[in-house]
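Both of the next two complexes hold subunit A, though its partner changes from subunit B to subunit C.
Moving on to the complex of A and B:
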């Protein structure tokens, strides 16, 4: 072993140790727990085989939560990207009070999601909330929509809350990315007669793609573990109609204390997410 | 007669012994607790409480008083009601000794005892002579909210019961009375059954709506599950087949109750399905609803009791003070929804001091003061509370209020209590949410029964059958 290698190892060892301690140890513990049978009443740490994994694959509520989470992610993410991008384009140009307006737009992002969810629950409340009132003014009739009760309205209500809170995050990242696009390239393309769509597709999009990919990744992962807003607005109801993976995981782990089952649950989610993230990174070629 | 010196001394000694013995006998449970607790002066106890108004009692009243008397400081940790079970179990698993005294929801006591979270109290009760004062706790609370399989794990400390509150000015209005009788053929009075409730609510809404609706209740599933449990049993339903332990909640009775509730909602303000406790309270205090069914603080606050207290400044001003009537809900067997018992955490490092604080709080003398704190949420639970002349004169109608509470404490129905009750309740809450979402009632009930059966199978049919049989055998499990 060369001296240089030894020196590097000594320098890196503490960092590696701590990463293993906080990352690998819980993972291994999780793995072991998922093969035991620890519940609220029993600390059965003997090997129980794959019983929790079998149960998981037969658990309709789990798959329902997975489907709802993925669907919500597939709907919310493009909306947030589109709105964020649109707003970023608006703010590319010079305008008065630009910095103040940006700061105001970013406010929802710095609010705790629990507070945002509670606020939106009140906003959608039929008795005290302004949403129905505003809709009533627009339509000229009494609007009595039960946003958090009606099956057709409850997801749109959650979507509005999530888009309100997280679109500014997209906006900020995309504004930063757009500010870095080479102006000379844009001018040259414009002089050459390229349409705005072609300029966007062939110059702007490739230029902002690395930042956009990171933004999509961060928000995508956030959406997959969506909890706070749903919990405060509906607690997963009506029934389990808005129960996401995280909400169900919380129920299983911290209300039912089905510890080993929730460990199997978490492990499957970690594995699936890791595969998805690696696939995504490969797709956008930012892993290098 | 001439007394010898020896006789005189013997007599004096006897008198001395008898008088000191009678002093000891006369010492109240509160005094005994204080005297015994002084040896722990300088320590600190942490009490786990439901977040909100409940802990204002130990923060503002009992905590400072106990510290003054014993030198033991009281700290409070709060959690929302629906997270209390979770927090206690987490603490039990971690065993950090973070809590000394626990507020336990009685129907969760079997689970908590089984999980090893609670300290048995029988030895303490005997050692500190508390049995006599425990006998003064209302029968239904004493017999059902303190023990698990014969072992005492808590001191029943809260007389929760879902009473009916109604607008006397409407019910006693001659025009309303004659109009109602002409239409339905019987007198307008607090409803004796749920059909009458529907008739009365419908009539008031038709006559006075939309300014005043016949009724409004807390329909959020977390609250409404208790009203469902009550109504289902009042209508003749049973939760399980006692032999097979298959759920029978999807019976004809279950379907009738679900359909009847949907029919009742037609006579209530729009959006009532979203109402929680605050919305219900606000509407009733504002005079927008003529009937409601809820926990005892509603009866006090709507009468205006404690309205000048800073802690209650958030309450809307009552417009119905003086007009509030108190009655048992339809069927006459109200739900003893939630309630609290004081327990000692098995992980506490100060178990004896913790027990003594619980005994002191729960004693005749101190509990009488606590249940009259306008800002706290402890409700009368002792015979002496219901009969106390001072409490009965607190406001016009306080005597009727206490009589209704006492009647409810006799006929009240216990919350369903099984192994892992919270999981059964969770399924019920989900079912109620689906009912408000207008899904098919029979499908919802079938799904609920299926979920309950799955839970029972997973927990163990024999174990659950034993626990259910024990619960169902209690006089207040089902209406007599």
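Moving on to the complex of A and C:
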């Protein structure tokens, strides 16, 4: 064994030891537990086959959570990209107080999602929050909408909170990407008389696509595990109306102590997400 | 485009930019205002937009009842785990960046640990910590935050170290420095800014964490986000305390956006976008 070989592993080993704590142990545990039958009342560690996986496929509450989470992701992500892109164009060129304004806009993105959720629960409070009051000024009548209780309003309320917190993230990444677009190419295209839309589609969009892909991946993964904002605003309620994958997984594991079932649940989510991420990465690679 | 038109355009963009800033800042203002309102003002209908005076009673109550201890707990767990993760992670990153230890698949495996939803690994970790008697202890939370942030630190520092010209290290070897000395005296000074930025983000991730703290703390080491959610009661909600505690938790973030803008892009995009 050469000394170089030793050195490179000695400086790597402590970190890997820690990572295995979350990177290996839980998976082994989940895999084993999911084929046993441990619940709050039973501690049956004999092999019980795929019963929990079968149950998962028949669990309406599980599929409801999956559909809600995916739908929310598919709605929230494009909104955040569109708003972020619009703001990035706005701040692209020189303007007074640019850095100060950007700093203020970035604040929501770095605060705790718990604080963001609490803030918006406050904002949406039917009596003491300013949202209903502002709506009242616009409509000219007293508005007393129950944002976190009314079935039609609770998802829009969560959407507003999430868009508020994460649009600045998109904005910052896209602003950086836009500042890297080749100016000469843009000028040449506009001299050639290309329309603004064509310039965007044929020059700007391909140039910012790699950054956009990163942003979509990071935000997409965050949205799929959405928990904190929902937890503070509704705890998944009313009923299971805002129950996301993470919220339901939390209930199964830490409220019902349905251990084996929660293990199968977690493993399926991890496997499906891994496949989706790898697929996405391959897609991005191919396009490049 | 004429000069006048361009000036006009700048004004228009500035106006829109200010509107954006106001919209994004308003909820934070509202929270700050709540934290200095009297109970009468908090529960006034219609809501009070500008508190008549700055009433610090909500903060005073947090200090008096010892709730502010949770901010201290956040500081301890996030702070110590950041230091450990930075030290171990930077050396690991050096091994991966310079010796290509494990190859590209190994790097991908490391960063993929950051993509697994927290809740999916939460229960096995909880069981492990129960059997090790680490639930509701500083050590338990510090261990977990260190493990959770290490992939991020390794990934980021790998990028910063790769940016250092290798010739510098080679000439240091020729000057007779040992491997550790090269890392400490040549590489670390070169990546100082990256180290600092990565440490700040590592701290933020631990500081802002809710789910791990919710699961692994009971009373002794409760962190501030868990404490904030504790103020939402089924009977009454303590808005004043929520406001004050949230403001305390937000303080480090004002510093971050004011001084770290240059690094935010790279820090938050996992190094994929270099600002």
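Methods note: the second predicted complex is superposed on the first by the 258 of 288 C-alpha atoms of A that agree within 3 Å, B and C clash if a C-alpha of one lies under 4 Å from a C-alpha of the other, contacts with A are read in each partner's own complex, and residues count from 1 in each chain.
One rule holds in what follows: a residue touches a chain if its C-beta (ideal position, glycine included) is under 8 Å from a C-beta of that chain, and two chains touch if they have at least 3 such contacts.
Just so it is clear, the structure is predicted and the values come from calculations on it, not from any experiment.
Residue contacts after overlaying the shared chain place A:254 against subunit B and subunit C alike. Once the two complexes are laid over each other on the shared chain, residue contacts for A:67 go to neither subunit B nor subunit C. Between subunit B and subunit C, more residues of subunit A are touched by C. When the two complexes are overlaid on their common chain A, residue A:96 makes contact with subunit C while staying clear of subunit B. Touch criterion met: A:150 reaches subunit B, while subunit C stays clear of it. Judged by the touch definition given at the top, the superposed model places A:127 against both subunit B and subunit C. By the touch criterion defined above, A:202 lies against neither subunit B nor subunit C after alignment on the C-alpha atoms of chain A.
Contacts of A:237 after superposition on the shared chain: subunit B is touched, whereas subunit C is not.
Once both structures are placed on chain A, subunit A residues 127, 254 are touched by subunit B and, in the other complex, by subunit C.
Residue ranges on subunit B touching subunit A, taken from their complex, read 85-86, 89-90, 111, 114-115, 221, 269-271, 273-275, 279, 420, 422-423, 426, 429-431, 433-434, 436-439, 444. Within the complex, the subunit A residues that touch subunit C are 4, 7-9, 11-12, 14-16, 18-19, 21-23, 25-27, 29-30, 33, 87, 90-91, 93-99, 101-115, 118-123, 127-130, 133, 136, 164, 167-169, 172-173, 176-177, 211, 214-215, 218, 221, 224-225, 227-228, 231-232, 245-246, 249-250, 253-254, 259, 262-263, 266-267, 269-270, 273-274, 277.
Against subunit B, the residues of subunit A that register as touching in their complex are 40-41, 125-127, 144, 146, 148-151, 154, 237-241, 251, 254-257. Put simply, subunit C touches subunit A in their complex at residues 10, 13-14, 16-18, 20-21, 24-25, 27-28, 30-31, 34, 42-47, 49, 85, 88-89, 91-92, 94-96, 99, 101-102, 109-110, 112-113, 115-128, 143-144, 146-148, 150-151, 154, 179, 204, 207-208, 210-211, 215, 225, 228-229, 232, 239, 242-243, 246, 249-250, 253-254, 256-258, 261, 264-265, 268-270, 272-273, 275.
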